[in-house]
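Heads up, the next two complexes both have chain A, just with different partners, chain B and then chain C.
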Partner chain A sequence: MYYDIITELFNISVGKAAGILSEIVNRKIILDVPEIKLILKEEDAVDLDACISDKISGALMVSSISFENNLKGKANLIFPTEKMKKFIHLCMNEEVAGKDDFFSISEEEMDFTPIDFDVIMEIGNIVLNCIMGEIGNFLKVNFNYSLPDVKIFDRQTFYNDSENDGYSHVLVLHITFVIDEIEIEGAIIVDLTLSSIQILLEKIKELEAEFHV
Partner chain B sequence: MYNLLNQVLDNVNEGIVILNKEFAVVYWNSYMERAAGIKKERAENQNIYELLPGLSRLCIDRCMEGVLKNGRPMFFSAAMHKRLFETEENYNFKISRLDSEIPQILLEFVNITAQIMQIDQLRGAIGQLRKLNEELKEKEKIIKNMAYHDDLTGAASRTLFYKRGNELLEKAKEQNGSLGLFFIDLDSFKQVNDVYGHIIGDWLLVQVAGVLKDAVRPQDLVVRYGGDEFLILLPDVRSQDEYGEIMDRILAQQDRPFEYQDIKISISLSIGAAVYPDDADTLDKLMAKADEKMYVKKCRKK
Partner chain C sequence: MVSILVIDDSVFSQRVTADLIKKMLPEAEFHFANDGEQGLEAYKELNPDFVFLDLLMPKLNGLDVVRLLRKYDAGANIFVISADVQKSVKDKAVELGVMEFINKPFTAEKAELTAKIIRERINEAG
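Then we have the complex of A and B:
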């Protein structure tokens, strides 16, 4: 039951992010959180990989923020890199050169440029802000953090990093981006410490109890 | 100290603006004077959206309100927010909250025009490289074609004969199939050269190659082996019943003389045929067998 409650909660917050993004890029952007999972890292180490690679393949483009006061944790917005070039160009409202055009190269053939990283940083900033804002409202805490770091990881490095950072629990939100004809399956991974997750679970139980009254 | 900080802010290489919670300018550094073309004196106390209409968007206003409320900084990329100022320059900008008794908003503008230009140049250079690469590939194709085809007649060259012949033989062996080979010689070609000269001799070879190409099936390969000798590779041909029809089509053309201006030249062709697996099991042996049969036919004519 409480998964349904928080899924609904997150859908409201990504809806807000989609509204802001749509206005920025002057195109209709739809964001949806179809599924949420809470994973205990030690017990379900394999599960995290399965949970993500089910939907996301190839290298990962990750925007991360770390927060400390009240709750300690780290939130990552993850995209597969393969569709990102086209996605970024749609966001920039620029024509993407065709592969048969000799004089200009298609975007897929070029590595990510600093400008691409800036675009992802802005999108990550908006989406993570809305999500963390919602978690903050829910838990009645205010998260403080700086702008996201944007990095490209191969899958294994990302998992290794994630395994060794001392957080016990991971909240995984699958997120779908739709812009024009492109649909991108991404994920938001929120690493939380044991105490933070306990606060979160208690709040969810309280909310669940309120529903039953 | 305040004077020193003021100097620092005037010397940093980015635009710094501080707004009160009504979004009116309380500080505007020297960089902003140059970037936006608006003097400090004019900017102070003015609403930011009136000073910089490029920022006047609902989404930015909502984010600005959000930053003021929750203190989380927001970043906006030049790529998605073009023409913030009335110039061609491109700026990333960041909105943060300054916490004091009354919270204020800090705007930072970083010029990334040079980066965008460098990326465009790089993209252009890669495009040029790709174009060159395509041209090279095209040339490589032409060179390959030259190696695989006889310049004069356009028939396949010896190189292509051995390549394709061995491939077909290999396939026939693997699949329990067959391969036919014709060895064709133009009778008395030396006399044509002697009587009419090499230009007409060359022209006649082109005509013969044309006759052979017209007579074969699409899957067959006509080869000019050298001088007046031609070969034809006939995939999946097993016996005379199967290649006889092709041979007849070729020989039927002998009856019609070729005309070069007012000169009429009749030709006579000798054809020897050999078949894998009945006659031989290598390409060279197959060729020797077909040559031998051709020679027998030629001798009979004399």
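Then we have the complex of A and C:
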């Protein structure tokens, strides 16, 4: 039952985030969350690796925002770097190639400028705020956010960074992001402390009790 | 001429906000600040008619900027434009007397509504 509720909460909030992204790029965007996993990092390190590797290829562009107050953790929006350049053009309302080569770009175009990083950081900020904030509104928990950040990782550096960040648990959401009929596989990873997981489950229990009143 | 100060640490968001408002209010003149501290200094220097303010920023966050601006100029016209969708945050901003709390992304529809409020405020002031 807890799993059903948390999946539903993320589906609602990700749906809202899809609406927001559509407004930014002025195109129809479908965001789907096919599965959510809760992973205990110490025991399931390989599982986290498998979760990401199965779905996302190449270097990772990771937009992050840390939060504390009722819950302490870090939310990360992860997409394959190779797909992000054209997405940035869309966000900036700049000319993009035809649909067939929409996400295929040359190597020289892969260099990201400070403005590109600023765009991805702001988009990540908006999307992650929407997802975490909506869940917070539902569960009646408040977050204080730190400044957003964006980094490009190779896969191993990302795992090392994630393993050493001091958070015991991680919620992994695979997301499929469809824009102009092109699918991009991505993920949202929410790192949480043990006490935050306990509070989260407690809040879900309270929400469940409200349903049964 | 309407002068508008946009305080936002994202250059992308500054550009989106200014471009959309400019379409609705061609007479508007824009100034920009990249963090809360810079925004406060710019306000004191420029005395703009309206402020568009982000909340999550380096050095001084947006809610603290509102508090300090209110002390400096009780009549400051402040729009908050933030990614934060938390009800508690919106309530705090409204309590501090901001004109509108607008969630990012700032769109043409939101710009139209904002321009309407600005025009009404200018007309009220005579």
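Just a few scattered comments:
The definition used in the following text is that the second predicted complex is superposed on the first by the 184 of 213 C-alpha atoms of A that agree within 3 Å, B and C clash if a C-alpha of one lies under 4 Å from a C-alpha of the other, contacts with A are read in each partner's own complex, and residues count from 1 in each chain.
In this section, a contact is a pair of C-beta atoms (placed from the backbone, for glycine too) under 8 Å apart; a residue touches a chain by one contact, two chains touch by 3 or more.
Just so it is clear, the model here is predicted, and its values are computed rather than measured.
The superposed arrangement places chain B and chain C in clashing positions on chain A. In the superposition on chain A, A:113 makes contact with chain B only, not with chain C. Counting the residues of chain A touched by each of chain B and chain C gives the higher count for B.
With both structures placed on the common chain, the touch criterion links A:147 to chain B and to chain C.
By the touch criterion defined above, A:91 reaches both chain B and chain C.
Applying the stated contact rule after C-alpha superposition, one finds that A:121 touches each of chain B and chain C. Of the two partner chains placed by the overlay, only chain C lies in contact with A:134; chain B stays clear of it. After overlaying the two complexes on the shared chain, residue contacts for A:201 are found with neither chain B nor chain C.
Annotation: chain A residues 20, 23-24, 91-92, 115, 118-119, 121-122, 125-126, 129, 133, 136, 142-143, 145, 147-148 touch chain B in one complex and chain C in the other.
Interface residues of chain C facing chain A in the complex, by the touch rule stated above, are 9-13, 56-58, 83-89, 104-105, 107. Chain contact summary for the complex, chain B toward chain A: residues 57-59, 62-63, 66, 70-81, 92, 94, 112, 115-116, 119, 122-124, 126-127, 130-131, 134.
Of all the residues in chain A, the ones that touch chain C in their complex are 20, 23-24, 91-92, 115, 118-119, 121-122, 125-126, 129-130, 133-134, 136-137, 142-143, 145, 147-148. By the touch rule above, chain A contacts chain B in their complex via residues 20, 23-25, 88, 91-93, 102-105, 109-110, 113-116, 118-119, 121-122, 125-126, 129, 132-133, 136, 142-148.
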